[in-house]
Amino acid sequence: MPDKNRIAELREEIDDINLKLLELLNRRATVASEIGKLQIQYSSQIYDPVRESAMLTELQMVNEGPFSNETLNALFKEIFKATLALEEKEARANLVVQRKTPDQQTIIEMADGTQIGNSDFQIIAGPCAIESYEQYEEVAAALADEGIKIMRAMAFKPRTSPYDFQGLGEPGLKIARQVANKYGLLLVSEIMDASQLHMMTDYVDMLWIGARNMQNPHLLRAVGKTNKPVILKRHFAAKLQEFLYAAEYIMSEGNHQVILMERGIRSFDTWTRNTLDISAVPLLKKESHLPVIVDISHSAGRRDIANPLARVAVASGADGLMVEVHPNPDVAMSDAKQQLNIAQFKSMMAEVRKMLPTRAVKKEHAGD
Amino acid sequence: MPDKNRIAELREEIDDINLKLLELLNRRATVASEIGKLQIQYSSQIYDPVRESAMLTELQMVNEGPFSNETLNALFKEIFKATLALEEKEARANLVVQRKTPDQQTIIEMADGTQIGNSDFQIIAGPCAIESYEQYEEVAAALADEGIKIMRAMAFKPRTSPYDFQGLGEPGLKIARQVANKYGLLLVSEIMDASQLHMMTDYVDMLWIGARNMQNPHLLRAVGKTNKPVILKRHFAAKLQEFLYAAEYIMSEGNHQVILMERGIRSFDTWTRNTLDISAVPLLKKESHLPVIVDISHSAGRRDIANPLARVAVASGADGLMVEVHPNPDVAMSDAKQQLNIAQFKSMMAEVRKMLPTRAVKKEHAGD
Amino acid sequence: MPDKNRIAELREEIDDINLKLLELLNRRATVASEIGKLQIQYSSQIYDPVRESAMLTELQMVNEGPFSNETLNALFKEIFKATLALEEKEARANLVVQRKTPDQQTIIEMADGTQIGNSDFQIIAGPCAIESYEQYEEVAAALADEGIKIMRAMAFKPRTSPYDFQGLGEPGLKIARQVANKYGLLLVSEIMDASQLHMMTDYVDMLWIGARNMQNPHLLRAVGKTNKPVILKRHFAAKLQEFLYAAEYIMSEGNHQVILMERGIRSFDTWTRNTLDISAVPLLKKESHLPVIVDISHSAGRRDIANPLARVAVASGADGLMVEVHPNPDVAMSDAKQQLNIAQFKSMMAEVRKMLPTRAVKKEHAGD
Amino acid sequence: MPDKNRIAELREEIDDINLKLLELLNRRATVASEIGKLQIQYSSQIYDPVRESAMLTELQMVNEGPFSNETLNALFKEIFKATLALEEKEARANLVVQRKTPDQQTIIEMADGTQIGNSDFQIIAGPCAIESYEQYEEVAAALADEGIKIMRAMAFKPRTSPYDFQGLGEPGLKIARQVANKYGLLLVSEIMDASQLHMMTDYVDMLWIGARNMQNPHLLRAVGKTNKPVILKRHFAAKLQEFLYAAEYIMSEGNHQVILMERGIRSFDTWTRNTLDISAVPLLKKESHLPVIVDISHSAGRRDIANPLARVAVASGADGLMVEVHPNPDVAMSDAKQQLNIAQFKSMMAEVRKMLPTRAVKKEHAGD
């Protein structure tokens, strides 16, 4: 069998080539990474299709086979992709928002000891908007009854039309504070402009950046200078990387108490308002050490699937969920179709409780 | 809120008009049907575009709004179309796929008694493609060890490029059948063209329609004429309503054993291959009586979030999940990044088992 | 032929039913429209799937055929859809942004007599960002040479990462003003926060609202209180209706000098940065009287198709286009891949000029 | 800017490494190919996953980064795959669909001398579906009158619901052929399954693959074995690269007469049925030598913007457009909202003619 010996010889040559390829690929990655670091001073965009195209053209011109130009293109594209991924990973490694170790986990602690990001599953609930003392108190009582600690207190509503109900403003916050004090609740409220900051911090315990403001640098930086925890809501068309960079805008100013909220992406289907992107939860947990919660109201835009979505939120590994609750959703001044009434809310809470035993403090984001 | 009362009054008037419209539409259908029966004596053509056009013209001449003539044209065209289709449609008019009662639930029973759609949670697993006897048997043994009953047996792979590995074909099915018999497993295999039907039914227990064929009427009708259960995979850009109509194509031919598989939609994010649309599960269960399963491999396109996605699938109310498993994913001939190795598969199974106690036979699709 | 007489009789009955349906449908539309007007006080959302679902259920319960419930569902869904379209049209009819007559056309006139929205095709050009006096002047000279009147003067750049180059700020505006005065150019500059308004109006002739701020009510209202023309850029995930409502936020404060800029939507393809939605141009012209321009730089994100996109912009009926020009794009501090160098810009201008004779003042948005 | 110099230096090093990688990869391929030839004497299986796995393990053991083992696995897997496929691929390795030189341009010539892909702009028109002799002839006469050469002859309609009108089938084709012969027109018709091929080629001059079948390998290969020109319609969710690969499936079987048709992508906006992706035209022309046409009917789904879209199609550099025309769209059995009536069609033709002088044979796809 001389062929067998010949095969063995050839295989040794292959092994040798493999090692040289390994060395070159790693050297290439090192150089590319250095370029990446220089480029990052100008832009967060490392990917440069024009440069890649030029490199491919040059390689094609000198290629004499046996690999075809097409095959080499495919191989080098893989090399480019791997290099790019490495550079992006390095770029992210310096971000404050980025998970550094498997165990790293931001836990946000409120004045009353309530924590978000520990092993508990926090429910944030309340009406879409504060409408009146009576409406707000009815919900607050129900929340307190279910052991909820953090209540929505929305006094400024971003609306598509300038003629839609825009919220009660500061008088709404006064109502919310009064009710919250009575029932021992913490308040979270959407801030729409940096100019509201001073006033708002008098009333609320936690700030909320809405989806439309997720990429508003002035506002992000302004809340980044406060010491209030911030719920940051993903824009419905934001990539996860953009979402993390938005958190970085806040954190880069010193405020590290950020909670990421997944809320559904805009897609083509018409049976829901948005498409809940549940995979975002494990991916965000994997990349970042921040708590992640799931908005089950805006993602679906319909209350009839609230119970399965609540179960799904628990199962996803999220640190909590956000749900809209209204004494009588059919007459709500906004988001009527997605708010739960109080009975539905209690039904949802029962579903959540049934799921909690399956939840343990996990470190699955630590690797695979 | 006097406006709310006024809205209620107006809605009552709408309800009253609806009933009158109903009565008139049905009366119209009866009369048109009688005309149709008379016409059929002279001609095979019931459809009379000239008559329709004349009716539209007459209506336009007397219309005083608020509907524009264009809108009325569109509405009456729908009425004409419905009337025209009445006789041939009536027999099968109610979509077979549609849930008729809260309790309705299709349960698919396999030859060995395995059921899909009952209170169990079925796992369907196996490699992306059959590659060799050894590869296939190694997975089969692991599945049997975990109590899995249904195994992927993919011998024809739809690929983006005509030069990619296209599957082993019938020899692959022979391997799969031999291994399945040894381990007491049922096989499900993707059929790509009606011409493969006869050959394939010799080897497999269940057919699989891939996403690319979800709207291929010839293939849907062909499998609809068999008595094999069919897994129908949602196209990554199909609306849920289109998905249900695709199932109807199969069911309208007599085969009611259809399993709907959610598998992620194409979106803008780049951290996953597709975006798992988990809300689709409760929505499909609400609208249809068919079993629904979740493909956790193609939805994410990455194995490192398989465990949370498996938990999410259980929590969503799905009847099962589908996952790709390969002895050594790194050398797999396709879908390398998303297949679990056997240890990862066992880890996923442990997660699923932990979730099962939270699952009870639910009727939440019955309404809200 | 007694049957022929019978057919004639039955057809008369059909005609009679048609008229009654017409009357009922219009009556229904009137009532629904009144409901819509009451609802609009609370929300811009008229569509109410829960109510529709309830109406369908009631109709199904009393339906005795011959139309099946499925057919009636389909017919009533068409009626609902038409009614909804009517209500939305009425809601929009009151908007300032909405076209009222076929001839209505907003023409914006600048201090030097330059007009946007008349029969000319205006080119707005300039670098992505002001980087230095030299860089800015080199572009300005080229623009002046080509007869361009309006120049980009971006001193504040919204960036994904807080560590990216964020623009030169006010010193950049000083450079731009100095250069503009020398070459007789008008300046347009992005405003990121209402707090910049006072400073910025000292330097620039026209304001620019970026995509990320398209739904920032505070900023929209603030520029709505100025007398500067405003370019409003569509968010990459905004529906056209949302885009028009954003313009309405500005106009409702009194500033009617708004220019709508289409700039591509976020989609799944990876060969372009965004997908230019060219149909948006005729649709926006049809619905609104405002000038519409096309951003050919951000829509594609690559310069190599700038010439065909510029031709397409002219052909679409737009009132102008916006393009990024840089003396040396490869070293630009942002958007390197999409900026044209000066030779490419001149080539693009030649293409535009070749197209202009095909352009005539058209009234095609007046109806169909 | 010393950093720019440093980047240039580092890029030179990258270029150097690229060349070394090229040399090693090709050397590796040569050696592997020799092994393959020896192995083939013992077994038909060249693929040896055990050997691959051993090589990966060895590389992982010596890897010192910066690439992670996982990344190197992925890269070497690509190298293994490319090597494995080398022999069978080499013959046809360069994609047939891909443009090889700036001047390369496929021109398809029909029996009567009509050409697609030359400097003319071809209009393909006709009703959505053949409904009757009278309907079809009325359109044919109008087309002939306008100098149109190629007519839609759709006898099989892919529909969402199995109960919708599915086309007249072969009798429809008989009508179309008869009418086409009378008016000197060429016919193009959608083929839904390979089993229709034999029958259909008797009637039509050109085949049409619908969007739903764009990734149906059996059908693509079947039409690839004919000598009929094929219009290939992009799926509404297909990336451009997937679209080109679909063309490659046809061309790899020998039929190079393929026409690519852009038709709009599924997006989130609701004012159009799909979003016309006009940038696809220059991008497809850049990458491929095949003719590209624009479907202005399905992209918009509404006839009132047909004229601007037709102008845009000409301006984009496309080789033609496709438009639906019906004598009386309001009573059409499908696609009523988007078909033009004959007067509207003539108006559109006038717009197209006005644009043609701006069109010259261009080579802009040759580079930038």
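Order of writing sets the chain letters: A, B, C and D. Residues in each chain are counted from 1.
Note that in this section a residue touches a chain if its C-beta (ideal position, glycine included) is under 8 Å from a C-beta of that chain, and two chains touch if they have at least 3 such contacts.
Small disclaimer: the values here were computed from a predicted structure and weren't measured.
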item	value
Chain pair with more C-beta contacts, A-C versus B-C	B-C
Per Cα centroids, the chain farthest from subunit B	C
Rounded Å distance between subunit C and subunit D, as computed from the means of their C-alpha atoms	30
Inter-centroid spacing, subunit C versus subunit B (mean Cα positions, whole Å)	37
Whole-Å gap separating subunit A and subunit C, where each centre is the average of the chain's CA atoms	29
Subunit D residues counted as touching two or more neighbouring chains	74, 85, 89, 93, 237, 241, 266-268
Arrangement of touching chains [line / ring / star / complete / other]	complete
Sites on subunit D touched by subunit B in the complex	45, 47, 49, 52-53, 56, 73-74, 77, 80-81, 85, 89, 92-93, 131-132, 135, 158-163, 166, 192-195, 212-213, 215-218, 221, 235-237, 241-242, 245, 248-249, 252, 266, 328, 330-331, 333, 336-337
Subunit D residues touching subunit C - in the complex, by the definition given at the top	1, 4, 237, 239-241, 265, 267-272, 275-279, 281-283, 286, 299-300, 303-305, 307-309, 311-312, 314-317, 344, 354-355, 357-358, 364, 367-368
Touching residues (chain side subunit B, partner subunit C) in the complex	3, 6-7, 10-11, 13-15, 17-22, 24-35, 38-39, 41, 51, 55, 58-59, 62-67, 71-72, 74-76, 78-79, 82, 85-86, 89-90, 93-95, 98, 266-268
